[in-house]
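Labels A, B and C are assigned to the chains in the order they are written; within every chain, residues are numbered from 1.
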Amino acid sequence: MPVDAYLKGCIEAALLTTPGPVTENSILDAAENSGIEATDIRSILEDLRKEWEEQGRAILLEQVAGGWRTATRPDLDDFLRHFHGLNSRQKLSQAALEVLSIVAYRQPVTLPEVNFVRASNSSSVMKTLLDRGLVRIAGRKKVVGKPFLYRTTRDFLIHFGLESLEELPDPEELVKEPELNSPNGEMCAPSGDPCGGLSRESEMGDEESSLPEDEIRVSPSEDSQSS
Amino acid sequence: MPVDAYLKGCIEAALLTTPGPVTENSILDAAENSGIEATDIRSILEDLRKEWEEQGRAILLEQVAGGWRTATRPDLDDFLRHFHGLNSRQKLSQAALEVLSIVAYRQPVTLPEVNFVRASNSSSVMKTLLDRGLVRIAGRKKVVGKPFLYRTTRDFLIHFGLESLEELPDPEELVKEPELNSPNGEMCAPSGDPCGGLSRESEMGDEESSLPEDEIRVSPSEDSQSS
Amino acid sequence: MTEKTSSRLNSPTTVLPAMPPVEIPEFKGPLDLLLHLIQKNEFSIYDIPIAIICRQYHEYLEKLDLLDLDTAGEFLWMASWLLHMKSRMLLPRENPEDGGADPREELVERLLEYRRVKEFASLLHEADLLRSCLWEARIARNIGSEQLEVDWEDVDLRLLAETYVETMDRFAASHPPPLKIRPMRFSVAGKMRELYDRVHREGSMSLLRHLDSRPDPEEVVTLFVATLELIRLGGVLAEQRRQFAEIYLRPGPKVVDLQNMTAPEYENAG
């Protein structure tokens, strides 16, 4: 159908010319008075995703941070790094990942709170995360000293391939006594397919409020059995 | 052939991740020691051009002076203009961000003062900020011409999670070190709040014209002593 | 570079004979080390034998070469906490009615939480590796300006502050501070007297070394002008044997009466 083909072109062009994820709503807004419905847009996006994958295109379509984003195939990374002259990539340090984890689960959170959980000073690490745009300052806490509150950014979601914060695995599920190393939140890219596999819609999803404090903490009753 | 398919992916990815034209040489350089010849690259580029056209994709490959350039199909221009125009409403230009930061830290401030600091006319940017409800007019300055004084709005505070302007951190300090005092002691006691010190109480207070003139003007009086 | 502790903790250490031969992994803090000890011993986190852990913790602490005071403080704080717990465990529970709160309770809580953080961090690590190799398409828009824009949503206090600082820096760069002419703190006549007296008293002096020893550039300039004046008047001679070598000042052929020299003649020359 010509209308569909045109709309498909529009959506593909919008995706390729926009840095960051494109929301379905923004496409809908731009296509107003063309009689297009939200469901049409979604189905075209799904079609595009399938098509690009089947045709072995250099780019894939993924759903992150509440929108759709283009990303090159992982196997092309080596070439692209050469091509763009990027020698090495900065991996996040263990400390940075820890601080990021705490911010992700307890946001908004202050630096003293992060320091407490890690029992270690995290201010320089926090600065690195701010510089990399993975966390942001989100106001100040109304306590003495008014410390800054930190939250994760949209780039955090994009970088880790999350649609929203609700997709974070349940911290209680992450560790199970007695076997220590069995993380079963299969967050982000599972082995084969870093881009497509992100679709576990709302397994952990829709419970209210993102992780209040008591949820991440062990209730005292549990400990008392132990003694 | 698998090698060809891979190379084709590489070239497509290079084209799609580069806003300007891509030269055949730059591809050749990046693909070194893979045994690829310049002629292979050219023929793949020709193939891609044909393929994109035949498949009715949103993008065209065109040979321009500097190499090969990816461009969206001309018939999509209307949609894209609309799409990016709508999207830019949630965006802030660099100029707008600059004006906003000047108003935030030097309020109340007049447009001539902002223009002087930025060395360029900021009136249309100021209007955008007014329209978006981030700054407001707060009286007139009692100087020749009675220019309007600008201040930030409540929405501005809400966005940054601040209760009042006194909570605006000192910009120099913030850029250097996001958290000024992070003593180690807090590891054991998260409740009491160690990181105070940022609230620069009075500096932004309500005194008239916070732009200290002498700070940014070359005063002729001083020079005159010298001779 | 973000992690100053890691490099410290990795510095080579001698293995004490009492310790089993283990390599020292990177510990991100005292809780990390404690968790490591508990896992290594296969203790239950809910029933930590504090005395054993306390001893092992101290043994490790001795092996770690903690040069950084802050980091050392963090590890030592934990050590003292463990000791405190150990002593409380030795005491009989005074009051069984109050539930006999286990002194280890808070530690367990904190260890459990920290372990969750570590687990989540390792998930993030895998995702970081996998997803860092994805590139976003970035072809130019044909229309509209490619002006730099930020999402308002992404503007936080730090970006606002950064923008302000950059704007003001740019302003400062294009408006250098007004030239201030201060009264001269050193007079050429005074320096001439000083040099002349010294050269005649000591018979010789090293000019360059003397200039180097003066921290104030204004004084250096004044001294240099004074030297030139003295040479012109014949009060001193300058001698240099090689290019760029030291310049020696010696008494000159003429006697210069500097005491009666009128100051303004020299003060205005500078």
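As a convention for this text, a residue touches a chain if its C-beta (ideal position, glycine included) is under 8 Å from a C-beta of that chain, and two chains touch if they have at least 3 such contacts.
Bear in mind that the values here come from a model prediction, so they are computed numbers and not experimental data.
*Asks:* Moving only between chains that touch, what is the shortest number of steps from subunit A to subunit B?
*Replies:* The distance in steps between these two chains is 1.
*Asks:* So which one's got more C-beta contacts, B-C or A-C?
*Replies:* Top pair by contacting C-beta pairs is A-C.
*Asks:* Taking every chain's C-alpha mean, which one sits closest to the mean of all protein C-alpha atoms?
*Replies:* Per-chain C-alpha centroids ranked by distance to the global centroid put B first.
*Asks:* Which chain has its C-alpha centroid at the greatest distance from the C-alpha centroid of subunit A?
*Replies:* Most distant chain from subunit A: C.
*Asks:* Using mean C-alpha positions as chain centres, tell me how far subunit A is from subunit B in Å, no decimals.
*Replies:* Taking the mean C-alpha position of each chain, the two centres sit 22 Å apart.
*Asks:* Between subunit B and subunit C, what's the gap in Å when you average each chain's C-alpha atoms?
*Replies:* Spacing between the chain centres: roughly 30 Å.
*Asks:* List the centre-to-centre spacing of subunit A and subunit C in whole Å, with centres computed as mean CA coordinates.
*Replies:* Between these chains, centre-to-centre, one finds 34 Å.
*Asks:* Any chance you could list the residues of subunit A touching two or more other chains?
*Replies:* Only 16-17, 59, 70, 72, 76, 80, 119-121, 130, 137-139, 148 qualify.
*Asks:* Any chance you could list the residues of subunit C touching two or more other chains?
*Replies:* 70, 74, 77, 135-141, 151, 153, 156-158
*Asks:* Any idea which subunit B residues touch subunit A in the complex?
*Replies:* 5-6, 8-14, 16-18, 26-27, 29-32, 56-59, 72-73, 75-76, 79-80, 82-84, 86-87, 160-163, 167, 169, 177-179, 181-182, 184, 186-190, 192-199
*Asks:* Looking at the complex, which residues from subunit A come into contact with subunit C?
*Replies:* The touching residues are 15-17, 19-20, 59, 69-72, 74, 76-77, 80, 89, 91-98, 100-102, 104-105, 117-121, 124-125, 128, 130, 133, 136-139, 148, 153-155, 159-161, 168-169, 171-172, 174-175, 177-178, 180, 183, 185, 187-189, 194-195, 216-218, 220, 222-227.
*Asks:* So in the complex, which bits of subunit C are touching subunit A?
*Replies:* Residue list for subunit C touching subunit A: 2-6, 26, 28-31, 39, 44-47, 70-71, 74, 77-78, 99-100, 102, 104-105, 108-110, 112-141, 151, 153-154, 156-158.
*Asks:* Which of the residues in subunit C come into contact with subunit B in the complex?
*Replies:* Within the complex, subunit C touches subunit B at residues 70, 73-74, 77, 81, 135-144, 146-153, 155-165, 167-168, 170-171, 174-175, 177-181.
*Asks:* For the complex, give me every residue of subunit A touching subunit B.
*Replies:* Residues 5-6, 8-14, 16-18, 26-27, 29-31, 56-59, 70, 72-73, 75-76, 79-80, 82-84, 108, 110-113, 115-116, 119-121, 123, 126-127, 130, 137-149.
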